[in-house]
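Given below, in the form of structure tokens, are the structures.
Each of the two complexes below includes chain A, the first together with chain B, the second together with chain C.
Showing the complex of A and B:
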């Protein structure tokens, strides 16, 4: 066997390098979270220590939550993200089913049509999208954002899902047809449950860019009532820029839900990425 | 919108239907019903606006009325100094931004992936989770976090540098024209290394054991095995990572807006196409918004991305040797 790979010294060096990079990834986030629980004096005097009894202070959180708007921002982000994911999954799965199940003349052309949306970012259409949203009175609404993110997420969703749907047993569907099931029943009752893992992967992929987007909330829904967490944190921090407690607390509040979701779904997400790439 | 959107770029385009797919005639109505919602939203909210933006670039607004002006907006954009100076500076900065990504993101990604894919490595899942964490955070979080860390007011960075005796090296990097753009590119690399790392890691895992064993029998081991056997097999993946980075970089906006504001300071030294588009289209302290000029800039970005993707698809990807196992 290969000696260089199994030598304890080589292994040790690899772990040193990996741990060093782990520290580089985690330390900035940790620094913000830890300092958000400290008093202003401790933030500046000893930024690199854990909070103790004398330096522990929640004044930042009181300032942020006292504004009373952050909860609203979270609700807005939830509505927009969940709404978009639901639409992307349902519409995407339906289209993927049509493209993978039936042979028809426009099949390839439609595949190419959707591929355009994978390569060109939707942001480049912003000028026209804003005009359209103004005309349809969808500025500062959840629906406006949901429509944009649905269009953004659909092309990739259709590609991933149709690849998975090709793997669903044809015999199973034909057996359903012989038993008199309609095409819609076959789709909802037979095919959808079988591609559930793919749906989860698409959901995670779709969710991250939507939750984190700053561009469209800034342009299409900047109003206080529909502001998402990402835009809300951006404008809040801009406003409180000299109040370090509040800034650190706001950042922590924006990080924690993402962190929780990530730790819950990281296995799914990483498997999704690697599965897509191996293929 | 992160680069994750564009993962399926490498998927074969035609023939989505499985070989044994059902003939269409009986199902024409079903096909229409299944396709309608997705095609409707996608066409109305993405495709039509994309092409409408190209059209708007040929118009201008005079006293609230839209008037066709042909290529005048582009002549102004490239010819009039008040536009062209910003355009060329944004384009140049964007190129620098992209080059720094290419120089660092792929090599770091390859190095991390190579270490993670060592057989019987302990703690692999932990490392992967940690390395991918910054990619999950929004630019707003990442931007402000690094702005605080690099801030001379907080002093965390000088303190850390002081601990290793390099206190004199500290400068307010984000505030200096000479270093702000590079610093922002490094922050962006820090955030997005996770994507190439993950894709290359998957590609390395996909190399069959027989190939590696054959190399070992021939006495090719360790680092030379990586260079001679594994690296050639993962070039296509590195190509995908590069084109993802290209598309992502040439419509980047959020990080620079968060850290430096719409004016992409200091003195426009961090202005890239995304911030230039936003400023022109939306307006700011210095100028009123001009949707038609914004559309012209979006058209230029569209062309750049199209050229980049075409060069990759027809020039690079076709010449790359792919190995079927």
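Showing the complex of A and C:
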């Protein structure tokens, strides 16, 4: 952090390492994007070259966008992801506030119980989750998926947010109480704005696995009306023939909304850090 | 009927007893200061008065009304915190007006009260700024302003000056003293700063480990400390204590003399060697190593010169020796 003390060489090495890691992460994505603009022949003949005049082909995009339902898949993914993030942030922040602010019996036990969810993958409970969804008639609904993803995201959210909530000035909350603010006002108006960087962090970490998930949409919401993008893209992967153009185009398109969401959150993240607080 | 009345207040956090039976009366218009070592429960007691913590047992009345279990906003109090605790999303004006808005006071009345408070504290040019755009001293003045606009029956301060630098601290201290005179308000003030306690207080309450050791005016505590703890705590530099022979000669288990009550000469009742001298300009502190009694501090005239290692005689002035019994209680008084 201290710029003046670290040597330029040390900083250079750090940057080399980070750049190498970035390249490693982005290479497969780049491969998908590049090949999505090529003809089927070119994809197989020369997968590592840029599209040129002879290999450039938008057939994949034409196939994907030609299927009217694909827009619906996008909308479904957006509804599920945004709905889940909203629920995770709201309930996660509320639970974190209660755990860090109030003294009550079983406070520690409750905190540990919630932390347990970080260690146990939710997919272990798939069978009983499906049974519950069937019993509650939530199969093939957005709400069903949102509930599952909220449960999946809450443990980490509560864990991260309670750390940050403990850092919020106790005096500030007490000043609010003396001035007659209710607990909800203190939570929404005083505390939440101060933990905005943490909220943005949680949102980003929660968002990506939900958007990319194939498991629960396949099991709980495979129906045409609620199908998500990730599941929809699978329809081009057949048992005998796979429409690679369409698969790559669909995957490329699927990056865009999540990228937009990420940019929105990271702006919040920076703004949150620079907001003036107490002292 | 007092402005504040505490009866047998106790507070435990789990198994730890933090406040162990405090009785206290504060008269209307009085400036009361809580002092005591760190962790003795000053803040906890103040927070109980504010209603931010509930006492485990005991009764608390403010202006004659029993306040047990009454929420903070309904107690007619205002509090100023060490960390200022201004609302970061509101302007100075918004910060000062929030409590009144919550109470449902009319807009014109709110504006008038803010104008009055900001006039008292010279906040007018800052009214539309946010806390992030203010200096530490300005923030604390806004916090005090926020307390004033509520026109509370009782002002509570928890170490309001600790985060300010020395010069600002003096300025703000004078400001608080002036406010107390102008408003005639009842104030309870927590500090661990000797000077703040002595200069501001009508009444000092010395706390130790959740118990009131002594209550009295600053000079009362200075002249007639009830026990060895108060004697050592009030006054700076601290009182010199000696046990053993010197104490036995006057029929006490321990004796104490303040540094300013020791006369320095070639020969004296006690003699020792000068081990260190601190020149403060206005005063000089001599640290004298007296065999059998330990290190004694003497306060002498500002520019007196003494060579380190020289022989120094110390003689307590007449009637300025405090005697303590084996339990540390003052004998005679």
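Here, the second predicted complex is superposed on the first by the 210 of 279 C-alpha atoms of A that agree within 3 Å, B and C clash if a C-alpha of one lies under 4 Å from a C-alpha of the other, contacts with A are read in each partner's own complex, and residues count from 1 in each chain.
Going forward, contacts are C-beta pairs under 8 Å (C-beta built on N, C-alpha and C of every residue); 3 or more make two chains touch, one makes a residue touch a chain.
The shown structure was predicted, so the numbers you read here are calculated from the model rather than taken from an experiment.
When the shared chain is aligned, chain C comes close enough to touch A:169, but chain B does not.
Legend: residue contacts after superposition of the two complexes on their common chain; A:45 is shown touching neither chain B nor chain C. In the superposed pair of complexes, A:230 makes contact with chain B only, with no contact to chain C. Looking at the shared chain after the overlay, A:160 reaches chain B, while chain C stays out of its contact range. With both structures placed on the common chain, the touch criterion links A:86 to neither chain B nor chain C.
In the superposition on chain A, no contact is made by A:264 with either chain B or chain C. In the superposition on chain A, A:194 makes contact with chain C only, not with chain B. Shared interface residues of chain A, touching chain B in one complex and chain C in the other, are 275-278. Those residues of chain C that touch chain A in the complex are listed here as 47, 50, 52, 71-73, 77-79, 81-89, 98-99, 102-103, 130-133, 136, 139, 146, 163. Within the complex formed with chain B, the residues of chain A that make contact are 1-5, 14-15, 17-18, 21-22, 24-26, 28-29, 31-32, 43-44, 47-48, 87, 90-92, 94-95, 97-105, 107-108, 110-132, 147-148, 150-156, 158-160, 162-163, 166, 170, 183-184, 187, 205, 208-209, 211-215, 218-219, 230-231, 233-234, 237, 244, 247-248, 251, 254-255, 258-259, 262-263, 266-267, 269-270, 273-278. Every residue of chain A that touches chain C in the complex is listed here, in rising order: 169, 171-172, 174-181, 189-190, 193-194, 275-279.
Partner chain A is touched in their complex by these residues of chain B: 1-2, 4-9, 11, 13-18, 20-24, 27-28, 30-31, 33-35, 37-39, 41-42, 44-50, 52-53, 56, 112, 115-116, 118-119, 121-123, 125-134, 136-141, 144-146, 148-149, 154-156, 159-160, 190, 195, 198-199, 201-203, 205-206, 216, 221-223, 225, 237, 240, 247, 251, 253-254, 257-258, 274, 277-278, 281-282, 291, 294-295, 298, 301-302, 305-306, 309.
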